[in-house]
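First subunit A sits with subunit B, and in the next complex the same chain sits with subunit C.
Right, the complex of A and B next:
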């Protein structure tokens, strides 16, 4: 019913009409007609298949993005938005300094509040990628007038980059096989516990952005090898630069790429695209990496980076020889040339390497990475590396815990990769196998293996689901006599399998089985995230006998006590585990902290902790100590306190022959 | 007797390989003469870059490595432009089947972009 003031579809106002007259029905009828036509067009609105597929894909990706972010927020919801563990507090402190003082001050910062009396050249001994990333996010948000605190930006950096990593996994999976694989890879990587362990909200550590940079570099490199374009190679070089700025694990990239190139050269799958990709990525990537002060000249002086340089020179020789072969028509002439060149090149290369190693110009593999090749090395020679709990060899239960069904799907994925080998699948095979080997050596490196395991398992899942769905959608074959003979002939020739009886039902059952497995995986991942990887180590929770939850905030109370009740220039001695937290929250000078760059200093502190009171007092007077911080877990049953560490590692680190300091 | 056999044998091998080398050189020369002028220009550019790099290394051997970052940036800029020149040559060469659908303008634009990034980094690294 038209009322006064309401306009009809014709634009005529109802006020002009008298009530109950026939002209009223005309505009309302016209309005109803227009509504009907609109409704019918909506009903008949049908997307084309391509558009449907695009809509589904985008919807799935958006949901994956949100899921990857949301499932990492357990500790924020349970406790508060607080930074976890120990190392992230140093990163938070440096990010705070960066946002307050600016990039120039940050890059040239000498910190006199840690490692008293030595101090620490922070600008030259850290990987700035994480801090710069968080600072940029903070400045962007501030520019958009969102008044966020830098602490919240730091806490939520890791989940944000985890979502981005899932997106990169989608593109990588698409590059390796097809879009279905990409989607499965994205969802696997979004919830896989191996990755969640180091990227929960609050875990503000280098790995948060480093895994994103790692996967991005690998994706861009594979894209460069597949397309042979210099633009993608430049992208890969920038990805490598981001990785070098973010984490010491870039060594993995700079050694994996030469191995991949060597495998391709040896198996005869080389092409001009490989040369373009590797050479440009190596040169530009190396130059960019040398801009980070902490890395410095290592790309030309360190033994760990020599594989890349060796393969670079090998590649130049190899492709030069190929070029000559193509120019010359005559194989005999070419053989002679080949002999001369190869012996000359190998000789010169070997000579240069031997001279470099002998004169000590090329430093040998450092202990940190040598212990990956020889797992027993650290225990004998560098106990401080062996003492870190994350550096222990991996038990099989950790693989099951962190990967669940992916550990079974990994070999299946390898089978599918080998079945149709391309440059991309060879890369992911090499990445998967090498990273799994290193994951077996050190628990911490399960994180590096996770993207490879997710991608290869995604290939397995996607290929299986695809095959099963194809079987389900097959129309029942209509048999005529001619068709049977043709089919028999064809199957006799190619050995193709006949359609099995109950094929459709079998495929349906298998699909249900796959669904069951994947649902279980989802439950497992959520349970693991909730139970194991969401504790902020700085706040502990326990259940009393009457079921009430009790929160222990002792760490933070102690640090804030230090901040409020001690003079600003007080020096605090503690075991190095707590150094970062004391400087970040207590804002006092510490003697040793988690950077562990000076083993002698740490051994001195350990000696002070292990001696009787009189000797300890002398050592502490020497170090100018005002306060001692000791963690004692006897009252609450906290099991990893200083007494526990004293029993295991302090003495071992102390008794290294190089670290016994004479007390005058 | 053994001596004479030995000497005659090596002389024969050397003569054979000398002849081989001469044949090789003439064959390479005639094959190279057929390459288009465009590619020859790129080759000149690459060789120029490499020669400059060698000169810098020899200079470093004479006067020492300080400041190392300047030496590295000089050598790597020469090596880098040579490598990028070789990449451009590969992409522009009409004889390469892989790059037939890549327009040479795109290849050159990529080349220029990579060189730009390379030299910006070099300028930052020179110190």
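Right, the complex of A and C next:
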């Protein structure tokens, strides 16, 4: 549809020598001639269409890569390269340990500096993907003689992987529809606030790497299903392994793939490609996942993973049935066989499940994920989960904040997907809908829904823009007689048989409208990133009455005071929010920290904080506490200090395990 | 000698009062038991008169009273969840009666509730300003000064919390709280049986080539329904039990449909916003695929213009609604100076 490269502006074809050059026959003529030919070839340099397209595409992708990285650097530019929030400090401390002591020490680390006097088995209770990734980046950079500090590597890991995710989105979009969709998907994912919220520079948390692994696994799996190749399936299995090593959210993958396979089976799309892809990914992925100690044998023991196993066996049954169908010529015999097989399969499967559940070998769904299926469960039974602000249900304004027009374009994208159903589009529909549903249950899960929403909206945007530009690029038809030729009948759909003066203008207007909408989206994303998601909670800023900015660095000053003014074996008691930061920056032993694996220990600390001084002193002597850290908002008006917390959640957690209801 | 006579007289009077008191008490206890058995959940409804009779400090009470202060006009306020609390109170009462049947705790604690309109005097007597309010009146001849209220931050507003309060104050256990399940065991068994019997037939129907499961339109409708439910904040409304609308705090006649403030929303608000979202998306699909099949060119143009206008208005409305609700003003960052 674009004009071919042959028709250049001056009507010349791509010849090596242009007009105006005269051949010189002097001895230096050869050299001069070659110079002339080189010069004219540069002057008449014209790319073929394919090369033009490639250049534009690569240029756009490079710009998207840089943009995805750059728009996450607000806090580094405003404050400094510092690690944000609470959880990343633990990740930073473990990465530091890994780079200093090596992998085996890290893998077998027992940390006696937290959860005094219980200690914590770090090696077996964390997801090592993030730390190992950052350590590898650090070692590679060091090997290239770039003397970087591990802290800077940690701070910038998230934007780096965000750029990589945008690239994966490009490939995924290409796989789903075409290259235009891929480009739009890449740019949407690069600036979408839903993803930026957890991948700004400084947010050194599991999600930074995990979303990359998630999208990569999904892309490789869809590619495997589309091609049926074992190589792509292997790639998907390794992608799944990376995801398992990076984040607990891998449960989403191991449950989404069975749902996808079931939907394909139910809608009659069983194929050998699907069989190869799913079987290889499941088996190899499961074996690889068992290498992570934190996951262990959960793939065969936990109720959350049983769906994948059930679907795996179902696939084998399907394959057997298909195979027998091909071998048996007689349809009646086959029907009988089918009936026997189905009954047997269902019976054996149900029996195995019941036996497993009854003997307790298969554990039921844990509270964290059960509260997604029954959202009212956590509030009644596990207040410590329900108290986290990220676990609250989502109001529509949060969707608007994180997605803006993407949530409006989502149904249009769904519609386009349904019109053009392939195995790939079915996958993205299922991914989009399940993740959107869970995002409605918990605000935190908007992050998981973001890639799907970006991809589906990209389909809508790309399809619309393509249709509009097709209209714009159409040549004006020659108005012949009223005889309706076949050609004109065929083009009647686009309305090109009548000279419609409004057609092109209408399309142009619509294109301008789409441009306006996307520009507004860009503004929204930039504003949201700058104002809402770029604050390192460890450094606070406020505006004085005269407009000047005041920076509060109280947290770090307090931790460094601890480091410099207390003996090295001092034990510090504080509310669990600050545990990781105290161990990472203050380098002192803490009683409880953000891991919250022992609710009784936390309740003891809470009791000490909430009682009068005499009782509290007894408890603290029992715990061997030397220092107590209390956060007080006071004059600065910091609203999430300890005094405020004790109005609500601390007492609720303290009263566990007897029936508790939040008092709010 | 006079002292001894006076002492004997006093002892006789006390004994007589005691006897009379014992009679009065037996009557009171019997009537309370009767009222209790008549009530639905073991909670005795008291008004001014009954309260003066059963809780009068003249004759020492052998029983304790747990009083629930209720006000029907406040049942509409969602944040208080007064009706729910009253139900929990009833569950605790039933549990106590059942647990202490024939035991030492029988007839020792009576659960009662007072409603504002019927018993304003009692409210004034105990100086109850805020609801919910639960008080324990110990046995003996103490009057309202001797009662203790259940503090909200010590005992949560569940039946178990009330039971804990009762046990802490009176020393008698309430026993296990039995909550009626959603469906009785028999009903569940019957449903399961029906399901097992129907499963093969339904399954065969669904697996056949012409079944609704293979029709992409059914899936599309389902997909749009899930999208609508999620994006309009449906889960939030269900979990937090948000009402469809609220009464305006300043003007009780007006109804408020849109919540001003980010992070929370009302039911109608969710539906309206979800509808606006879905309309725009569906219009886009509509004009791409269905409109070109309309034969008349004018009709096509009209449909186009209609779709464009509606989509534009809808998007504008959603964005302005969002700006009003959250108070954010999104703006671009133009460079203000060179350095």
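Criterion: the second predicted complex is superposed on the first by the 595 of 664 C-alpha atoms of A that agree within 3 Å, B and C clash if a C-alpha of one lies under 4 Å from a C-alpha of the other, contacts with A are read in each partner's own complex, and residues count from 1 in each chain.
One rule holds for everything that comes next: contacts are C-beta pairs under 8 Å (C-beta built on N, C-alpha and C of every residue); 3 or more make two chains touch, one makes a residue touch a chain.
Everything numeric in this text was worked out from a predicted model, so none of it was measured.
Of the two partner chains, subunit C is the only one touched by A:437; subunit B is not. Residue contacts after overlaying the shared chain place A:60 against neither subunit B nor subunit C.
Counting residues of subunit A touched by each partner, subunit B versus subunit C, the larger count belongs to C. In the superposition on chain A, A:337 makes contact with subunit B only, while subunit C stays out of contact range. By the touch criterion defined above, A:610 lies against neither subunit B nor subunit C after alignment on the C-alpha atoms of chain A. When the two structures are aligned on the shared chain, A:321 is found in touch with neither subunit B nor subunit C.
Of the two partner chains placed by superposition, only subunit C is touched by A:405; subunit B is not. Contacts of A:228 after superposition: subunit B is touched, whereas subunit C is not reached.
In the superposed pair of complexes, A:628 makes contact with neither subunit B nor subunit C. Using the contact criterion defined above for the overlaid structures, shared-chain residue A:275 touches subunit B, although it does not reach subunit C. Common to the subunit B and subunit C interfaces on subunit A is no residue.
If you check the complex, the residues on subunit A that touch subunit C are 266-268, 375-376, 379, 392-401, 405, 407-416, 418-419, 421, 429, 433, 436-437, 439-441, 460, 463-464, 467, 493-495, 498, 500, 502, 506, 510, 513, 517, 523-524, 526-528, 530-531, 651, 655, 658-661, 663. Residues 152-153, 156-158, 160-161, 164, 206-207, 209, 213-214, 216, 219-220, 223-224, 226-227, 229-236, 238-240, 262-265, 269-270, 273-274, 277-278, 280-282, 284-285, 288-289, 292, 297, 300-301, 304, 308, 312, 315, 318, 322, 325-326, 328, 330-333 of subunit C touch subunit A in their complex. Per the touch definition, subunit A reaches subunit B in the complex via residues 228-231, 233-234, 237, 271-273, 275-276, 279-280, 283-284, 286-288, 290-291, 297, 300, 324, 327-330, 333, 336-337.
Of all residues in subunit B, only 17, 20-21, 23-24, 27-28, 31-32, 68-69, 72-73, 76, 79-80, 83-84, 86-88, 90-91, 96, 98-99, 102, 107, 110-111, 113-114, 117-118, 121-122, 124-125 touch subunit A in the complex they form.
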